[in-house]
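Every chain is named by a letter (A, B and C) in the order it is written, and numbering of its residues begins at 1.
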């Protein structure tokens, strides 16, 4: 699933953008340092290939349904993690722009969820280790399946966490996880099978392609630790800057996520479920406050903003005002249209 | 201007899978000549062009462009004088607008932008598609794509123009237009094609290839009317030279 | 198949829209990108119950669409594709949010406000992103990325992807069609053909990459991507970004609908 702008808070969006930009900058440096210009058109065209392949319906055996390819794993296998990540990023950028898949702010999340976990976690840690030095048809299938599943599970969990930290929904952590992870298990299996089928075919028909791909990657083993530490640093830094900004601008944008997550780390209560339930409680705290006690509390600016108050009169004037706003917007559009037409006629 | 000689000396090339695609070819093409290279599918024509442009390196023999032997070090220099139009224009038009594609070569030469602009406009005018300047390649028809691909090498102002099957997938009208464009160049032209009428029209000289070797090299008309030779190469005489099937008469 | 055709049509349509001419089209791409980004950030910064308060954010997309003469049909069509997912997530909220609000005397789950809020935010964010590409085009996006110091190598690679999407979509369509013709069956591909079908396109793709690379090298490519100098943003562009930045911030800061409503109904005194 793509993360969407509608579900995200600016802080989460910005943090994930920073992490994604960091990973991309590092990948570009790595790709450039190998000085293989040949890779640039290959990355470009492979990106287009994945884009097209995503549109093909694969019928899933034993079920009536069909699945699609995501493509992150194929890209990692054929281009290596760095170039694969960059190619995936390009695809997602184009999709965000032309198909509005996700949106601009959520793009950082999406590139991270669909590119980073597969290329920089699942592929080097799982696939490379399982596949070993030589290819076997069976090994390719199993390794692709396991890698795809792990990559997509991580990505789905990323969506859950990003949604939760953004606090734009009321979905409880446990329900959301129970919804997302199984769906992505199915998606992961299809991804693994399709990837394995394509890769095995290429390996049989043109073994030199696979050998070259493997050779290319042997040149630079992935310093996972370094990448992870770098990214963590970026995320912490962005988070710190944003929360500083939030605390010095208390009634500016909503940065509640960082306040809660900061507290989280202090409470070392091992159980993640409990922890997240606590966050859940914190984010749910505001509405109760706003709605049940609104009558007693002076309507500060914060309060008026959370418009729906218990007061029936306020809600009426809110509705009327909303209608007026929409009418004004429509009127503006109408005027511009008329002006355009007049201009066209006078030309 | 005999200094722009294109010469192949005893060229051999085998693909990694062992297939001997070019098998000992020699020729010498003078400046301003237009030469057609013909032969059945798989005869090795495209491979030969790739050897001439340094995309492939011969296993044996040498390519000489303007008295200089082509090697890895002088490749970039020599390539500035060569313009190659690929068989499939989609492989060649890799930018997102016609303009940027035609500007790609000159920009790589680090020419000043106003001059790049000049070259782009003049190249597009030569092939008659200046009005398509800002279009995306996927909005173009096959004939327009071909014209854009040719413009994209003309902007480099090459001394030698190399075209791989320029008339394939063109309708009769686009084909005729293309032939007119090609006829208007005073460059050296090396053209491979299955369109023998086009070869007859544009080229003074023809090299016939078979199994990676040249089995004939001579004036276009003489070669193309040699029925025995053409049959040996797996080809047929150009339609315009074949006897009229209705009246049975021989055209001369 | 229909997926492929739709995707192809969609890309062409937006590409064509971006090649039109209007006040907005003539604006510097970077200005449009920044205005849209500021707008989106402020839009999604509303809290989860904000509904009517964020309605003034309708002004920006309406203005851009009208001034750029972008037809509504392609935007609405895309929205229809995207909306089900947003609506799906949104609809779960009334189940889990146990708060209640009173609207015009009726008590409803406050989860419905979340649903409405997500729906509005999603629609507005999606529309403004689509309007960005419909008035800027991929070349404009590439140009603004360069201005934002994104390395050339990445921009070139992304543009190649964009360029070859239509070529590969056509290739995929042809291949799937050839399969359909022989399989006399459904639109879906059986397991046995996954490998050959995808693998063949993949191999052709890689060969194509090699030919493209050759074509690039023959025209002097050496790993350095040279793009022409792009126009700098002018004062008009700066004013555009400033205007919409300030307007969005103002809408975010003052609750315009409530203010208007109070004015009209005389409430809140």
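Things worth noting here:
Methods note: a residue touches a chain if its C-beta (ideal position, glycine included) is under 8 Å from a C-beta of that chain, and two chains touch if they have at least 3 such contacts.
Here the structure is a predicted model, which means the values were calculated and not measured.
Ranking all chains by how far their C-alpha centres lie from the centre of chain B, first place goes to A. With centres taken as mean C-alpha coordinates, the chain found closest to the middle of all protein C-alpha atoms is C. Distance between chain A and chain C, defined via averaged C-alpha coordinates, is recorded as 15 Å.
We define each chain's centre as the mean of its Cα atoms; on that basis chain B and chain C are separated by 43 Å. Averaged C-alpha coordinates give centres for chain A and chain B that are 48 Å from one another. Residue numbers of chain A whose C-beta contacts span two or more other chains: 41. Each of the following residues of chain B touches two or more other chains: 94. Touching of two or more other chains is recorded for residues 138, 159-160, 162-164, 167, 208, 212, 216-217, 221-222 of chain C. On chain C, the positions that touch chain B within their shared complex are 12, 15-16, 19, 138-139, 142, 159-160, 162-164, 166-167, 208, 211-212, 214-222, 224, 226-229. Every residue of chain C that touches chain A in the complex is listed here, in rising order: 3-4, 7, 10-11, 14, 36-37, 40-53, 55-56, 58-59, 62-63, 65-67, 69, 78-79, 81-82, 85-86, 89-90, 92-93, 96-97, 99-105, 110-111, 113-114, 117-119, 121-122, 125-126, 129-130, 132-133, 138, 141, 151, 153-154, 156-165, 167-169, 171-172, 176, 186-191, 194-203, 205-206, 208-210, 212-213, 216-217, 221-223, 255-265, 267-268. On the chain B side of its complex with chain C, the touching residues are 50, 53, 55, 76, 79-80, 82-84, 86, 88, 90-92, 94-97, 100, 103-105, 107-110, 113, 116, 134-139, 152-153, 156. Contacts from chain A toward chain C in the complex involve residues 1-2, 4-10, 13-14, 24-25, 28, 31-32, 35, 37-38, 40-49, 51-53, 55-59, 61, 66, 69, 74, 78, 86-87, 89-91, 93-94, 96-101, 103-105, 163, 167-172, 175, 193-194, 197-202, 205-206, 209, 253-254, 284, 286-288, 290-292, 304-308, 310, 312-322, 324-326, 328-330, 332-333, 336-337, 340.
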